[in-house]
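Chain nomenclature is as follows: A, B and C, assigned in order of appearance, with residue numbering initiated at 1 for each chain independently.
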Amino acid sequence: MTFHTEYLWFNTTRKREYINITDKVEGIVQASSVSEGMVLVSAMHITAGVWVNDAEGGLLSDIDKWLENLAPYDPDYQHHRTGENNGDAHLKNLLVHNQVMLPITGGMLDLGPWQQVYYAEFDGRRKKRAVVKVMGE
Amino acid sequence: MTFHTEYLWFNTTRKREYINITDKVEGIVQASSVSEGMVLVSAMHITAGVWVNDAEGGLLSDIDKWLENLAPYDPDYQHHRTGENNGDAHLKNLLVHNQVMLPITGGMLDLGPWQQVYYAEFDGRRKKRAVVKVMGE
Amino acid sequence: MTFHTEYLWFNTTRKREYINITDKVEGIVQASSVSEGMVLVSAMHITAGVWVNDAEGGLLSDIDKWLENLAPYDPDYQHHRTGENNGDAHLKNLLVHNQVMLPITGGMLDLGPWQQVYYAEFDGRRKKRAVVKVMGE
């Protein structure tokens, strides 16, 4: 069995940003030489998410607006009594989940034709990271 | 280690449909002969989900209504400028997640008494699929 | 390969309760002696969730209020025709997901500095459980 772990670092210019990391994950799978297995892609922060969806700019705008609608910024979150002001980013993380497991078959990510892997930053403008861990043989 | 990969195909008659695939996943686990491990069940589309919940018709109606309330059809999604009209299905996918990992213990799916695996179609009436990948020994 | 499976039991005093199980999961990883691999933490019920987020009391109150807002108790759910009255708990489960996969690197949970694992009970006051399954070597 091979275990291969890498970390992807992000430092976005905007508070919320959606970054297509499919090629990076595919590169890590190649580097692992695993042909059968799975790869976990998981945000290491509680104010960011990872999802698989379409690489289409209009949709990303729709998602951003939808997330702000369902998990809005609100100065009155109790979490803000700690001095933080990112309560909404925690809720957005819970809504979209923070990770995906991707199958590896024949040495490739076994994804459908439109499936792209995104790192979703909800509280950026600082260094943050995701873990990418390959397990297989 | 054994890796065993199968694909489940769907072609629903309705736009939204919720299909209990527990027996099919259990059958794939049996076919793999894995007694200890995990099985990933993941939609290969960005307008479908996979969840574990109850096989109860009233609840499925409640879920359908709830999803339409939180991630409604809306002609004005920016995604629709591409010619698509399924923006809501993308949002429903993000809301419920597109996959589950099920433990395999003693050659069986290690599920609680009411846990059933569903493929949730949000934009059907065409051929779509899910990947079922078993990893274990 | 090592496979190590344990079950965590819960019997909360309140209907909804959020329990930090990070130390218990870490202990199970130690007991497995796995140094490289992954651990699945998954609720075995359809009215409970598992998430990774912050151990901060104000935030937990915010999450509880947010979940009740997006997936409220409602006497009129069709599911309640079965005699149940926990339709909201099923929807909350779908919203936050029922499981996480945690990477194990160097014999430790490979989590970010603020990531804590929670069992989220949405319909408690009775015995319920989560499965913790370690896979690695």
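In this text, a contact is a pair of C-beta atoms (placed from the backbone, for glycine too) under 8 Å apart; a residue touches a chain by one contact, two chains touch by 3 or more.
If you're wondering where the values come from, they're calculated on a predicted model, not measured in any experiment.
**Student:** Chain B and chain C share one sequence, so how far apart are they rotationally when you fit their Cα atoms? Give it in degrees, rounded to a multiple of 5.
**Tutor:** The two chains, chain B and chain C, differ by a rotation of 120 degrees.
**Student:** Can we say the copies chain A and chain C touch using the same residue numbers, with more than half in common, or are the two sides different?
**Tutor:** Counting shared over all numbers used gives less than one half: different.
**Student:** Measuring centre to centre with CA averages, how many angstrom lie between chain A and chain C?
**Tutor:** Spacing between the chain centres: roughly 20 Å.
**Student:** Could you check chain B for residues that touch two or more other chains and list them?
**Tutor:** Expected reply: 1, 70, 95, 97, 101, 135.
**Student:** For a test of understanding, state which residues of chain C touch chain A in their complex under the given definition.
**Tutor:** 1, 36-38, 51-54, 56-59, 61-63, 66, 70, 95-97, 100-103, 105, 110-112, 114-115, 135-137
**Student:** Flag every residue of chain B that touches chain A in the complex, lowest number first.
**Tutor:** 1, 3, 5, 40, 42-46, 70-71, 77-82, 87, 90-91, 93-95, 97-99, 101, 129, 131, 133, 135
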